[in-house]
Each structure stands twice: as structure tokens, then as C-alpha cells.
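Would you mind keeping the following structure in view while I ask a few things?
Residue numbering begins at 1 within each chain, and the chains themselves are lettered A, B and C in the order written.
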Amino acid sequence: MSREKKEAVIEAILFTMGDSVSLDKLADAIDESEETTRKIIEEYKNKLDNSGRGITVQELDGSFQMCTKPDMYEYLIELTKSSNKVVLSDSAMETLSIIAYKQPVTRLDIEKIRGVSSDYAVNRLLEFDLIKELGRLDAPGKPILFGTTEQFLRCFGVGSLEELPQFSQVQMAEFREQAEEEASVNLGI
Amino acid sequence: MALSVKLDAFEGPLDLLLHLIEKNKIDIYDIPIVLITEQYLDYIKQMETADMNVASEFLLMAATLLDIKCKMLLPAEVTEDGEEIDPREELVEQLLQMKMYKAMAMELKDMSMDAARVIYKKPTIPEEVAKYKPPVDYDTLLGDVNLTKLNMIFRETLKRREDKVDPIRSTFGNIEKEEIDLDAKTEYIKQYIWREKRVGFTELLEQSESKMEVIVTFLVVLELIKIGLIEIRQEKLFDDILIDAIKDVSEEEFLGAQIGDENEQREEGSGN
Amino acid sequence: MSREKKEAVIEAILFTMGDSVSLDKLADAIDESEETTRKIIEEYKNKLDNSGRGITVQELDGSFQMCTKPDMYEYLIELTKSSNKVVLSDSAMETLSIIAYKQPVTRLDIEKIRGVSSDYAVNRLLEFDLIKELGRLDAPGKPILFGTTEQFLRCFGVGSLEELPQFSQVQMAEFREQAEEEASVNLGI
């Protein structure tokens, strides 16, 4: 199979499946190593991205999925009426950010940080397929451990957890500075 | 100091505390504990919530603040290295974490707005492909199981059954386990509360015939509070606990609500 | 909107919809006459067809639909194949061993031995043609009797069921003794 054909096969598969397809399956289909397959996909994605096309390929934790480019949105929205917009309450979003950054976490871990029971938020997130059970912690009561899903990556437009914005020590220090500057009123205690 | 913000606006005690700190433009690392405690207590006084769960969370925080206040009046404790322990330290850590995740949540929200502009498509697998059933690969299917191994598996399976038969206890007579059907009990209690609208807890317990049934009744009441169908009040210490059906829940919602759904799902998930 | 962008929008729309989209809808989306739109689509289709791509556009009675090229078929099949590389679970294997040695058996017989419901395992084995229904037992409910198939013999390389390795009454007695010993140790007697 020529290199061109391999790219064509990957295109056909990603188009047909619609959903994300794992690298090993794609590699199997074109009878190549995962490494070479990844290279072919990356090249193909580059081509799509640099030639004014309407579609592209998104990596999701070692899987790949075909999707439209963001700037096509306004032309599509009326026609498709499909939207993967997540509308989450602030408390669900807070809970989600804790799970995203601290996974694997238990309900108790989340509660400790938020200072309130987060059962409702956790259930909503499970419902939206943004988080999933990862297993159970080997501790009394065997509490469930939660982590984020592939749908989470899709909804936030990142290919893997490493791409999430990091909260650095620098930012923490900035926070502190800001707070100190804001402390314009001396409360004298 | 008059605080006009409604308590409903706060997710919990930490949230309220953060609000007070931000409102006063105070550095988190240097919280004037006396002032904040006073404002905080002021707030709690305004609370008109009958929800004991919520109230207790806020009260716990108030107690923590007062505890810190006391410790700050006393000579500072010292660590083994001779450093002074700031009693506010733990609270500061908690507040910072909360602040950090709040910031992250905002960032995630922005990201989700951008990501929502990307559209995926449903699978359009050609029918022939979808219908195609590949021949079974028996080598993979059976792995390394051959005749000898199949025989072993069978023996182990039988042996496991033998293990289960306890030669001592299997000679005992049958001991009947008292079965209380949780679902039936839940159904009964729900119907009862819905009909009466207000029920005394003792009244519910009086209908129990065994210790087990009392426990089950208690658990069902807890669950109903948790899923927001009823609320409980107690006028004063040792009074009967009054159970009220929540007013804005419709009959359909009330009687149709299931308890313990979460557990069932979990069980289904772990089975094969 | 540039010509390139118009093509991109059409691509994005055809991709998202998956289904056929009428010419007038496409023309609306890029704000062009149907005539010009048709030209753009034809040009786009030509590009796809002449450059070794995996997808193409098909006209269907004045509508257009994105689809894979016919020569991609075998690779798509390959993908379904690779997802079918299954291995029998331990519980299915146990169930198979029980059926092999105790046939004809009913589901209830199997359950009594395994101590758990074995419906799923039985169905899998039926699906793989390793067991089959032999008839029904003349008992209340007329339960189905299961036995092994010719495929089973083929898989294990035996000509008939008599060739299955047997085990003796002596072995069975040993099992029982072992179990009794273990049980009394556990009870501390």
C-alpha cells in the first residue's frame, strides 16, 4: 500500500466512524507500526490545517477523531443545530476542575477542598460523561475514585490532560501579591 | 456591619469566607481573624434556613474560626524547629486551594466555549460494513486452553463448589433470615408521608416490629432527606422529630423517586 | 468569503451532516447562487477524486453527500475485524468446561455448579458456535439442554467426546476431603 493510500484509508476510517478511533486500530488497518501511523496522521492533519480546508483531526488521549475547524462554526450552527456545548453550573465546574487536576480523587477529597457536599455536582458530571469511575481506593469503605473522560477532553478542546493549563507557583505568588495590593484597608489586627 | 447578600448565593462555608475576605480586600495569608469571625457570625445569624445539614456546615466553620481566634490570643505554639505555628495556616491552605480551583473553573469554562465551536459527526458506517461479521478466530478466542487445561478448569470449578459446602454448618438446621424488603418499606414510608404531609418520627418507628425494621426505617428517612423529598425539624431538645414533605415536589415526583439508584448503578457497572 | 473558504464551508457541512444535503441549503450557507455552488462542489469533488483521498462527494438527485470511496471498503471491514479479536473470559471458559463434561445440561445445572448466573457466558458460547441446544428437558418450564458442537471438537482437536480427559471417583473423593479439612481449619475446630 502506498503512503498516499495509507493516508486515504485513515481519512476514510475517521470519516466513517465519526467517533474517536484508537491509534492501534488505525495502525492495524493500514498494517503499520503505531509510530509510523502517528506520523502519517500528523502529516495528514498538517495538510488539512494548512490548506484552507473545513475539517481537521483532533487527538484525544491516543485516539483520533475527525471534526470541523472552529471557524466553520457560524456556518454550521444553523444547519446542524447540533452543539456539544456544556452548560454547567459554577459548582459543577469547580468540582470538575478539582477532578481534572487532582485525579484520581474520591468524593471526600472534593468535599474537603470545596467545603461542601459535592454529590449532586459529581452525579451531574457523571451524567454528562465528563467524569468516570476509575476504580476504588484501597482505604476503609473502598471509596470510588473519579477521573475525567475522553468526552471531557473533547468538550475542553485538549488532546490530553497534559494540555490543560497549569497552575504554577508563579501564579500562586501573583495571587498573593494581588491580594496584598488589594489590602488597601488596614484592618489593624 | 450590615450584610445584605443572601445566604443562598453561597455554596458553603468556605465560599462565604472567601467572599468576606475578598469583600474586605484582605490578603488571604494575613486574615484578621477577629473581624472575619464577627462578620461570619453575623451572617450565620441571618440564616433563615431550616436545613440542618447546611446550617451545621456553616456552624462548623464558625467554630473553626473561633478556635483560631482563641489560639491567636494565646502564646504561639512552636514546632520542633522552633518556628511559630500560625493557627490560621490550615485555613489559609484550604482557602487558597478553593481560590485556585475557582480560577481553574473559570479557565475551563472559557476553554469549553472555544471547544464548542468544533463539531463532530455521527458515525455513518455503510450498512454492508456494519452488518459484516468476521469469522471467529478460534485460536485467539480460546487462547492457550487445550484439552488438559479445559479439564483442569472443570475440576477447579467443581472444587470451588465443594469448598462452598461447609461440612459443619451444612448439618445445622436452617436459620431463617428475617427479610425486610427495602423497596417495599421505602414505598410504604413515601406513601405514608405523602398522605399525612406531616409525620412524627416516633409515629413511623412505632410501626416497626423488629430492630431491623427500625434501622431500615431510619435509613429510608435519611435517604429521603438526601434526595430532597422531605425535611425534618425539631422544636426543642428531645421533642419528637417532625417530618414534612417538601412543598414544591409534585405527587408524581414524590412517589416516583427512587432511593439508592447510585448503588444499583455501581453494582451493574462492576458485573459483567 | 473567499472561494477557498466557500469550499471549506461546504466540506464542513457535508462532513457534519453525514447525510445528503440539498443544493439550495448549501447555496444558502455560502450565500451563492445554486449554479455557482454546484460548480464549487464539482471542483471540490474533482480535487478529492484525483488526489488519492479516502473520501469523495456523491450527487444524489440534486443533493450531495460525503462518503468513502468504494476501494476503501476492504479496509473498513478490516477495522471491524480487528475489533472482533476476542478472547473467551474465564467465566465463559468455566461454563464451557461444565457443558463439555456434564452435557446435556440446563442453564440451572450450570448455575448450581458455578454458583452464579451464567446466562451471559452461555449466550457468548452459543454465539461462537461452541455449544448448541440439544433439546428440552422434560421438567417444569421445559428448560433447554445444552451440549458441545462439532466446532468445539475441532477447536480442541478431538474426534469425539469420549476423548476428553476423564477424572476418577478417587479424585472426586480427594476434593471433598480437602474441602472439609480447609473448612474446619477456617472455623478453628
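Here is the rule we go by: contacts are C-beta pairs under 8 Å (C-beta built on N, C-alpha and C of every residue); 3 or more make two chains touch, one makes a residue touch a chain.
What you see is a predicted model, and the numbers here were worked out from it, not measured in a lab.
Chain pair with the larger contact count among B-C and A-B is A-B, by C-beta pairs in contact. Ranking every chain by how far its Cα centroid lies from the centroid of chain B, the top place goes to C.
Chain geometry summary: the mean Cα position of chain A and that of chain C are 28 Å apart. Separation between the centroids of chain B and chain C, computed from CA atoms only, is 37 Å.
If you average the CA atoms of chain A and of chain B, the two centres end up 25 Å from each other.
The set of chain B residues touching two or more other chains comprises 119, 121-122, 124-126, 129. Shared interface positions of chain C, defined as residues touching 2 or more other chains, are 12, 15-18, 68, 76.
Per the touch definition, chain B reaches chain A in the complex via residues 11-15, 24-30, 32-35, 53, 57, 61, 94, 96-109, 111-126, 129, 262, 266, 269.
Only residues 2, 4-5, 7-13, 15-18, 21, 25, 29-30, 52-55, 66, 68-69, 72, 75-76, 78-79, 82-83 of chain C touch chain A when the two sit together in their complex. Of all the residues in chain C, the ones that touch chain B in their complex are 12, 15-19, 67-68, 73, 76-77, 80-81, 84-89, 91, 93-94, 96-98, 100-101, 113-115, 120, 128-129, 151, 154-158, 163-165, 167, 171-172, 175-176, 178-180, 182-184, 187, 189.
Residues 119, 121-122, 124-126, 128-130, 132-134, 136-138, 140-143, 145-148, 150-151, 153-155, 157-168, 272 of chain B are the ones touching chain C in the complex.
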